[in-house]
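What follows is one structure encoded as structure tokens, with my remarks underneath.
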Amino acid sequence: MAKTPLDERLREFMDRYIYPNEKPFEDSLRHNRWKVPELMEELKDKARAEGLWNLFLPDSNFGAGLTNRQYAPLCAIMGHSLIAPEVFNCNAPDTGNMEVLVRYGSPEQQDTWLKPLLDGRIRSCFAMTEPDVASSDATNIRTDIHADGDSYVINGHKWWSTGAGHPSCRIAIVMGVTNASAPRYERQSMILVPMDTPGVRLERRLSVFGYDDAPSGHGEIVFDRVRVPKSHIIWGEGKGFAIAQGRLGPGRIHHAMRLIGSAERALDLMVERVLNRTAFGKPLADQGVIRQWIALSRIEIEQARLLTLSAAEKMDQAGNKAARREIAMIKVVAPRMALSVLDRAIQAFGGAGVGPDTPLAQHWANARTLRLADGPDEVHLDQLARDELKAARQRMEQS
Amino acid sequence: MAKTPLDERLREFMDRYIYPNEKPFEDSLRHNRWKVPELMEELKDKARAEGLWNLFLPDSNFGAGLTNRQYAPLCAIMGHSLIAPEVFNCNAPDTGNMEVLVRYGSPEQQDTWLKPLLDGRIRSCFAMTEPDVASSDATNIRTDIHADGDSYVINGHKWWSTGAGHPSCRIAIVMGVTNASAPRYERQSMILVPMDTPGVRLERRLSVFGYDDAPSGHGEIVFDRVRVPKSHIIWGEGKGFAIAQGRLGPGRIHHAMRLIGSAERALDLMVERVLNRTAFGKPLADQGVIRQWIALSRIEIEQARLLTLSAAEKMDQAGNKAARREIAMIKVVAPRMALSVLDRAIQAFGGAGVGPDTPLAQHWANARTLRLADGPDEVHLDQLARDELKAARQRMEQS
Amino acid sequence: MAKTPLDERLREFMDRYIYPNEKPFEDSLRHNRWKVPELMEELKDKARAEGLWNLFLPDSNFGAGLTNRQYAPLCAIMGHSLIAPEVFNCNAPDTGNMEVLVRYGSPEQQDTWLKPLLDGRIRSCFAMTEPDVASSDATNIRTDIHADGDSYVINGHKWWSTGAGHPSCRIAIVMGVTNASAPRYERQSMILVPMDTPGVRLERRLSVFGYDDAPSGHGEIVFDRVRVPKSHIIWGEGKGFAIAQGRLGPGRIHHAMRLIGSAERALDLMVERVLNRTAFGKPLADQGVIRQWIALSRIEIEQARLLTLSAAEKMDQAGNKAARREIAMIKVVAPRMALSVLDRAIQAFGGAGVGPDTPLAQHWANARTLRLADGPDEVHLDQLARDELKAARQRMEQS
Amino acid sequence: MAKTPLDERLREFMDRYIYPNEKPFEDSLRHNRWKVPELMEELKDKARAEGLWNLFLPDSNFGAGLTNRQYAPLCAIMGHSLIAPEVFNCNAPDTGNMEVLVRYGSPEQQDTWLKPLLDGRIRSCFAMTEPDVASSDATNIRTDIHADGDSYVINGHKWWSTGAGHPSCRIAIVMGVTNASAPRYERQSMILVPMDTPGVRLERRLSVFGYDDAPSGHGEIVFDRVRVPKSHIIWGEGKGFAIAQGRLGPGRIHHAMRLIGSAERALDLMVERVLNRTAFGKPLADQGVIRQWIALSRIEIEQARLLTLSAAEKMDQAGNKAARREIAMIKVVAPRMALSVLDRAIQAFGGAGVGPDTPLAQHWANARTLRLADGPDEVHLDQLARDELKAARQRMEQS
């Protein structure tokens, strides 16, 4: 099997183990939504055994060593199912957190937290967004991290920490202010906070539309005089912004890829549906409006895919920072595209589209959230425009 | 208080009793989602005491005797909150069912079912859509109703029966085939089926974008050799289609009105939010893009409102059938408008927009469903086009 | 005939005299585009004889004395054809100019200019927009009007003065600065400038999407030390802004009404086309996509019509100033709606849609311009949002 | 200079010779719109001298021998200006006609017509679309070509033959029916008809929106008993469809590329405009709405560019036929994208956007036409959907 290309192996795995287990997985949560179903651990074992594990990590010491361009189509395949990424240990926010630890973690931090994360034995969360401020402007963040002897003491209020509610979640990466009077982009730090530290309180799990996204969930967390050793700081004081910039690039492109998978799933389902369903005397597939939906969906997916692959290449060749413009573009494009394709599929399915019998509505809710997570579209569009205007100003001055 | 106009009284009631009770109502469901909270009964008592009760019913023997045009703005006010309509005994599908019983019910049927419904003592559901066929084409419906001695025996499978899961739901109006060889539009009948009749099985409650809409819910029901007395047929055999036509008009216009209320709520919340929230150094309200959203939302709401009022007037003056075109238009326009306004509000709120702390996401899920319920947009648009083409053909023949 | 309602008479006139003369009118311009065809004068005589003349003017001393609400549907009918408004002496900018003279003109000004305009013997233009500044912000206007003895001397550069190129254009209403140090909204005045005054130079006629709109046209005019008697000022120095506000309301609503007519014409043509044209084995009218276009067009027209009528009523009942919000809404809605409907019709016609054999492309160009004339959409939307925000602020302060 | 990459040389040529000559070129047509300005011949000489000539032709015996992928960005640069393609001998429909003669022409045909076309000494037109039938379905075409002795006699009525009105147009490629009873796709042939053959009548030149597109223009042509030698048939009787398929691929991708150039030009102009223009106290470039326009335009252009390049690569690697899906996608995407970007630019320019002082309105009219030329969007979308459905059906049968 070793010679079979990864995408084929992945597709086969999806067909064999993922799609047929979506409903059993959901059913297994019926009695206790916040316990990891054994089914998930079995699926993870299978994926690990077949070498479909940690494919997201470009660093070959720890992971598969694939480039972004190589990982992109694989990530899109995983995106077909909302339960798949965890099976392959490729789900947000753990992938982003692992990248942070690979790049910026101390050997001790890597040993303690990265290793079990790479093994899929524990989960993690990322605590950045705060309820009281517009966190799309990260300089607004208020959580306080102050040194006290050999410790840091953390006080703050976070929410939308995806994964914080996961029963295996053991560690949070927390963003907060270590020095409010430092230069603007050196005020923030990131620090590792074990979830069982006294003073860490999971206030509640937030639903997205009506979905609790169990057993992962989105946590609202209060940090109330939480004390951790100084060694828990990542990279160093004042590096929070720099780490965030490094973290967000791959995170955004992974989201974009998964959304392309969401859209592909929707189009597949829609096409099958309209081939099998009859109304007013002819199959839905023979109705012109439906056919326009199919064609437009294919076009939108294709355009988003090409843009994402192009961004991945730029990241591989020139680095995450140089690819800022491209990353901003896919951050805006991918969720809009997925929402548009999913919405058409929902419309083609009628009641089954909004209900629990297709994955469409939940994929939609996920995609809608991604127009907000890591900053709303408008922030990214504004930044893109500033770059265009700056380039034009330079052009005009030269001529 | 008698002289205060109804809309003012209603607005006051909303401010005083409804908005502040939205969260307590949701909280009261925490331990048992399928039990009616006492809070609801208290609110209903208050509404009844203030004469804000059964305002939907144009028939003055039973209800408030308001015209559609008079009821429209009141219904829009109720639509601001998803818990309000039941408080005023004006919620779907009970309003539609009560109208059916007022117009087509026998004195005995009215006595047994209409009276407790008007009193708000019981709830009802409407069982029309079926999972196995494209029910937007009602001639597809397969549920079988056959006479057997003094009884009818019913066999069928229905879903998306809103209210079927409500703990007070006692009666279903079921649509099915009594004579498959009758002329196309005389094959169907409607029949009253008490929910506790042997063979009626609530298979499950369906969620909509993750929302269970407790304690009402959307039921999937199996009717397995269900036997009811012949007197339970409404109006007579073969009248199902005629009743459906009569029922759907008011139902659709009520939905449209409530959606205008949803959108007004969203715009109110968005405007307050952007006045109070700062990002990148200035209030969101000072950002041009947000201001375009506000203005476009106002315009879209205003246009939908005028169209709905115009349809209501036509119904009052010329009857539901003559207003078919107008009703089809608002059926298409109102959900799209509400979705557009709600989506902008969600975007302005960020995480709070998709989560449980604002009512936006649930209003959105409700509005999205209404692009499908009672037939998808495409069916109504197609019918509208046929009418235009028919009129043009006549014009062309005359000239 | 006196008892026949005006709309019926107008429709009949359109059928009999306008539509059949569109092509002959265009042909008559072939050899000299800037000469008024005799055909136009004949049509005007007919319209005047049938009492279909000056219907736009609410002032019954001078015109038909119809309210805005009464005139609206008539104006929409005229809007079906681009040559119709002049035939009925109801074309822009003459209607707006006549309104200015009725309201603010001195008896002498009315005698000299209003009378021949009402008779249709001369035409006029309105010189406001300037090429060098963003005129959507009227405080930017730079044309200088300074007193010199018994005269005013005018220096400035204007463009997009519709009608300035018309061979019968005799008079311009010019907006300019009389006192740059007055309070912001009292700096501007309006003044009457006969087109044959020395120093008035029609620089060129501007085309709109390639159309010269002969024989009316859009003029670029230079005013080079133009001297007129002091009596030519309208109302008084510093009243320019106040007059503009008064003038723009009716002007905008007339444009909106005519655009509804444009859209109705487009829909009529599209429907006839698709009934008569076959592709891929069936009439275009049987293709689902085309039918969606027809239905959406009907809905959009209907919504714009209701909004315009509602604005007209508000103007009649509360005055132009109080109806500012409503006028801003139709200013935005009507051109967008017309463009959308016209674009679908163009698509249904193929080559004939973009070429000279249907009036669609020219109506489109006209509608596109009206998203800019009297201020671009964005300015009106921004103003609408400010009003919403202001109202919300007041609401929030009170509660 | 030989080593400078083609795109740089082309860009330099555009800056130096094309943009500054757009207005002089238009001016030179003032007195006689249907005479080739000397300026054009001078520019062609310059382009030829610099080796920027016939770049479109992949066949290296006749042209530059570039692949589609290599030519694509060059073609996009040319698309910045509507006068540029002819300067480089790369304008439609001549490029398509030259490709036909390269691939399917006899040596004699190549000698007589291809050579002077490649030299830019004559121009040609393509006569396919007919006014009386929906030509998007090419089987509808009615023009009759029947053999008579050593000749073919042609009778038919064509329109939208771009270039037919060009003063240097010497030759038409005409599509017509040679055998109405042959299999469906073998009924049609293409034949060379010199424009001075007796019976060829240029009925009129059609305008697009208000543009006559002089000195090229779009002709309506009547073929009235036109007699040409049998040797004028291209490839052979019944090959019309096959040639059309071969011709349309490159033609469509060239259009797409040029449209990307149109959009780039619009974005450049818009950005410069908003940096230089102030309204309501701040530069337009500081207004959020305008910035969203800029960012969305950049994203849309980028996505269309990637899709077009991807189609070009597929054509190079797998052939025009295998790239059918990709070609259909860019046929739909490119005009829509260009229209969207151009429309924003027009809105940012106000009056100057719709008038003659910017090239925006004419680019817009051109792009709008390209949603219709070579078949309306709807036909291509429908074909794309059929392909998706067919693939899905096969997938479903296999599993």
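Lettered A, B, C and D in written order, each chain numbered from 1.
Here is the rule we go by: a residue touches a chain if its C-beta (ideal position, glycine included) is under 8 Å from a C-beta of that chain, and two chains touch if they have at least 3 such contacts.
Keep in mind the model is a prediction, meaning the values are calculated, not measured.
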Where subunit C and subunit D overlap in contact partners, by chain label:
A, B
Following contacts chain by chain, what is the lowest number of steps it takes to reach subunit C starting at subunit A?
1
Could you put a whole-Å number on the gap between the CA centroids of subunit A and subunit D?
43
What is the distance in Å between the mean C-alpha positions of subunit A and subunit B?
37
Quick one: subunit B and subunit D, Cα centre-to-centre, how many Å?
53
Give me the residue numbers in subunit B that touch at least two other chains, ranges are fine.
287-290, 292, 378
Considering only the defined contacts, which subunit C positions touch subunit B in the complex?
267-268, 271-272, 274-275, 285, 288, 290-292, 294-296, 298-299, 302-304, 306-307, 310, 329, 332-333, 378, 380-386, 388-389, 392-393, 396
Listed in rising order, subunit D residues that touch subunit C in their complex are 129, 131, 134-137, 140, 159-160, 206-212, 218, 277-280, 284, 287, 289, 346-347, 350-356, 361-362, 364-365, 368-369, 371-373, 376-378
Per the touch rule above, subunit C residues touching subunit A in the complex are 287-290, 292
